[in-house]
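Below are two complexes that have chain A in common, paired first with chain B and then with chain C.
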Partner chain A sequence: MKTIKYSVILLLLIAAVLLPVFTDAYFISVAITILTFMTLSLSWDMMLRTGQLSFGTAGFFGLGGYTAVIISADLGVDPYTSIIIGGLVAGSIALVLGIAILKLREIYFAITTLALASVFSVIIRNLHKITGGPSGKIVYQTLFDYDSTKIYWLMLGIALGTIVISELFKRTRIHFAVDSIRADEVVAKSHGVDIFKYLIFVFVVTSMIQGVVGAAYAQQYGFVSPESTFSAHYLLLPISMALVGGIYSTIGPIVGAIILGLSSEYLKLMMPYGHLIIYGVIIVLVVLFIPRGVYGTIRDFISERKHR
Partner chain B sequence: MKDLEKSAFWKKNSKLIYLITAIALLALWRPHAILYGIQRGSLYSLIGLPLSLTLGVVGIMNLAHGDFLSLGIYVSYMFFMNLGVDPLLSIVPVTLILFGVGVLVYKLTITKVLKSGHLNQLLLTFGISMILIESLNVIWTSRPRNVYVPYASSSMTIANFTFGTYELLYVLFAFAVLIGFQLFLKKTRLGQATYAVGQNPRGAKIVGINIGFVYLVVFGVSIAILGIVAGVMLPRSSIFPMVGAPYTMRSFCLVAMAGLGNLPGILISGIVLGIGEAIVQSIPGYSGWSDLVFFGVLIAVISIRSMRRLAL
Partner chain C sequence: MDSILKVQNVTKHFGGLVAVNNVSLDIAKGEILGLIGPNGAGKTTLTNLISGIHWVNEGKIIFEDKDITLLPTHKRCRLGIARTFQIARPLKNMTVVENVMVGGLFGEKRTLRQARMEAEEICSRIGLEKLDTHFDKITVLDIKKIELARAMATNPRLIFLDEVMSGLNMDETRDMINTVRKLRDSGVTVCIIEHVMSVIRELTERVIVLDRGEIIAEGPYSEVSMQHNVISAYLGEDA
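Right, the complex of A and B next:
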């Protein structure tokens, strides 16, 4: 059984790596978008596993993007280093903020993080000299000169790295701490789990991932602006993907990202303006009717049959 | 005996008196900023009061609160453009329409997540908020619109001090809604039931209160109040799909400042926040930073509360 599982994973991995060889440029660009949102979705879910709902995804995504573009446009840092620095900056800001806001729980934490994207964009809009203000900033030397195959491999690498981190979180000691915090914080605390330390750790790691994705995304286009970079897309889509796939798992967000990513291409053709309504409707319907998502429902169904 | 009463009065209201003195002193320094801040703060509390009621009684944080306000403003705009109804008069039909929308949303969605934890509730209202914003975007496009009524730009001069009088309506309405809420909660049977549900839902259920009905009314009314805000705001603000969205955060900030179930506190914190924003805005070169005041206040309130080890 285990060998089958590993060989399936290996086959999928080879297929993912070799994808650009078989397909055309349009499909590669779709795949890049899917990978970007898959990584965001996974990082959102990793924070959710601690029981804290974070709406900060778009904020840290934008922060990473801005950092990368600013340092490569003004300081001449090469794109690859700038992506890493983008992640580090997002992570260190998450650390400082986390110390203040991770003392909060439930709705208070969620709502404070919901404010983050708008707070960051207000700050950036007002620092004209560094960030270019409301009109945004351009870097002329883009990543790989628009070579979509190489960008695909980069995004695939980031996504695979995130999947590995997510699995590490599921399989190491962190998993026990995180799950016990989610299940019952008081019990976790009385068993000696340092709740605050683990929450900060997970928050910083997930924010770093979001920063790296944002930096890579901004470097592809060489352009950032307060409206587009901190757009609610980067919050709405990852959340709906994770919900559709199934939360609290690694496979769920991946499945959700592939389902919604492919169907969104079709939706965009069908209704060019209103397709974001569908994501809102999806979130509402999933919360009301299938709160465990597609993967979660199937998994529970299978395990129920086994036990019968 | 009289002295005792006097000192009790002083003890009870000392904080408020300090606040009023501080505002009066600030008013000598920057009169325009203070007046503007009070007007704007009243608007915030007008929007924050219904949110506080839903959060306190139903226990649901409605992330779509501001977007229902946007919807109300657009409905009011339609009344003005198609039927020529004055924005202030359109308050009546818009309030009724929004009450209907609130009841519908409650019946279709909220009632199903009441027992399923804060995560699902937040995600649900987040989804509703996105649906509202994007629908407004599709129906009315993102082009900003404006409404002109002559009385909205009226002003008044007292001894070289000129100020807009229309915004004083915000203050009036904020007090009216606050007093209305207080009377409703204290004097009516349904209000007493609401109070009981807010304190202890299970206990309320045991003594025979129909909790579902109370929730329905509170949610419906809290959306309906936004109809009043919509009518009052329409003449003085440009209208676009995201017009109400920033108010969700500010309303929540007010609730965090005042504490749950403290309705007069909402008005006071609203005015404090409004004045804070107006003062930042009046500093030349830094006016753009005023949008951050509420976040700074939120973080400060949270840190103070957690230092005092008060459970938020």
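Right, the complex of A and C next:
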């Protein structure tokens, strides 16, 4: 059973790496978008596992993007290094903010993270000299000179890295800390779990991932602006993907990103106007009828049968 | 008396309600102490103050000569203070053995493998089976045992058992009494909060009686249970 599992993973991995060889430029660009949102979705889910609903995804994505473009354009940092620095800046800001806001819970935490994302965008809009203000900022030397195959491999690498981190969170003591915090904080702390430490740690790691994705995304186009970079897209799509695929797992957000990513492209071709309506209907139907998501429902079905 | 825990003049109020009023007590190393009193006497609040779920308004708590009054809950656990909850609180997103592992992983900093082995060992010692089932298919007794096993896994020096016997039938109670005895014999000091008086009579060497947040009596159960003020606290002034 284990060998089958690892062979399947290996095959999928080879297929993912070799994908650009067999497909056209259009499909590669779709795949890049899917990988981008998949990584955001997974990072959002990793925070959700602690019981904290974060709406800050788009904010840290935007921070990473702006950091990368600014240091490349003004300080001449090369694009690859700028992606790492983008992640580090997002992570450091998450650390400082997390110390302040991770005392909050539930809806209060959620609404504060949402507000913070807007605050980032307002600040950036008003720092004309550094950020270019409302019209945004351009960097002329872009990542891999628009070579979409290389960009695909970069995004795949970031996605795989995030998958590995997510699985580490699932297989180490972090899993027990995070799940006990979500279930019952009083029980967790009475049994030695340092709740605040784990919340900060997960918040910083996931924000860093969001910063890296934002930086890599901005570097592909060499452009950031307050509207496009802090768009609610980078918050709402990842959340819908995780819900459709199944929350609290690594595979769920991956499955959700592929389903919603492919169907949105297909719907766009089918009906250029109004495809978002169908898209919305899909999400509503999934939440209503299979609240555990596609992967979650299948997993629970299999384990039910096994225990019978 | 060589004491493991000293509570000194502790007061806790919630708004205008004084839940614990100027309480001082010592728990001796290695004893089984009973904490009794009518509903609302402040027994659970006192446990919450000692384990750090609530902060005291006044007074000091000293554990093994260390002032822990201002220490957060998880650090008190790591020092060796464990407790169960009156209304059992299983972690519903985990299996039986995973619940117990939480205690071992964070109360005592074991590795995953060690924590699992330790958890399995504790479960078999107290007769908890079906380790890999989720809690929703488990009996009341098993949920009570999870509470106990999870607290034991933190490797405590002092354990508070908050009504672990309530809701159990006679065989199960007997089972639980033996478990508590074995626990004490392994070197853990036990403070047991209980409404089942036969259990208190059988297990404890000493009881402390709380009423309306104050200590009204202290001593062996046989003596204390005869005192007029204790009887009237339970049954009312006319009894």
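Everything below uses one rule, namely that the second predicted complex is superposed on the first by the 289 of 308 C-alpha atoms of A that agree within 3 Å, B and C clash if a C-alpha of one lies under 4 Å from a C-alpha of the other, contacts with A are read in each partner's own complex, and residues count from 1 in each chain.
The criterion applied here is as follows: a residue touches a chain if its C-beta (ideal position, glycine included) is under 8 Å from a C-beta of that chain, and two chains touch if they have at least 3 such contacts.
Since the model is a prediction, treat every value here as computed from it, not as a measurement.
S.K.: Have a look at where A:239 lands relative to chain B and chain C in the superposition and call it first, second, both or neither.
M.R.: Touch partner of A:239: chain B, not chain C.
S.K.: Could you look at A:103 and tell me whether it touches chain B, chain C, both or neither (first, second, both, neither)?
M.R.: A:103 contacts chain B only, not chain C.
S.K.: Go through the superposed model and pick first if A:18 touches only chain B, second if only chain C, both, or neither.
M.R.: neither
S.K.: Just to be sure I read the superposition right, which of the two partners does A:115 touch: chain B = first, chain C = second, or both, or neither?
M.R.: In the superposed model, A:115 contacts chain B only, not chain C.
S.K.: After the superposition on A, what does A:179 contact: first (chain B), second (chain C), both or neither?
M.R.: Only chain C is touched by A:179; chain B is not.
S.K.: Between chain B (first) and chain C (second), which, if any, makes contact with A:10: first, second, both or neither?
M.R.: A:10: touches no partner chain.
S.K.: Kindly classify A:191 by the partners it touches after superposition: chain B alone (first), chain C alone (second), both, or neither?
M.R.: After superposition on chain A, A:191 lies in contact with chain C alone.
S.K.: Can you tell me whether chain B or chain C touches more residues on chain A?
M.R.: B
S.K.: So in the complex, which bits of chain A are touching chain C?
M.R.: Listed in rising order, the residues of chain A that touch chain C are 172-173, 176-177, 179-180, 182-184, 186-195, 307.
S.K.: Could you please specify the touching residues of chain B with respect to chain A in the complex?
M.R.: Its residues touching chain A are 61, 63, 109, 112-113, 116, 118-120, 122-124, 126-131, 134-135, 137-138, 246, 249, 252, 256, 288-289, 291-292, 294-295, 298-299, 302-303, 306, 312.
S.K.: Report the residues of chain A in contact with chain B in the complex, numbered from low to high.
M.R.: Counting only chain A, the residues touching chain B are 48, 51, 53, 55, 100-101, 103-108, 110-112, 114-115, 118-119, 122-123, 125-126, 232, 236, 239, 243, 273-274, 276-277, 279-284, 287-288, 291.
S.K.: Of all residues in chain C, which touch chain A in the complex?
M.R.: 51-53, 72-74, 77-78, 82-83, 85, 89, 91-94, 98, 101-103, 105-108, 112, 133, 150-151, 153-154
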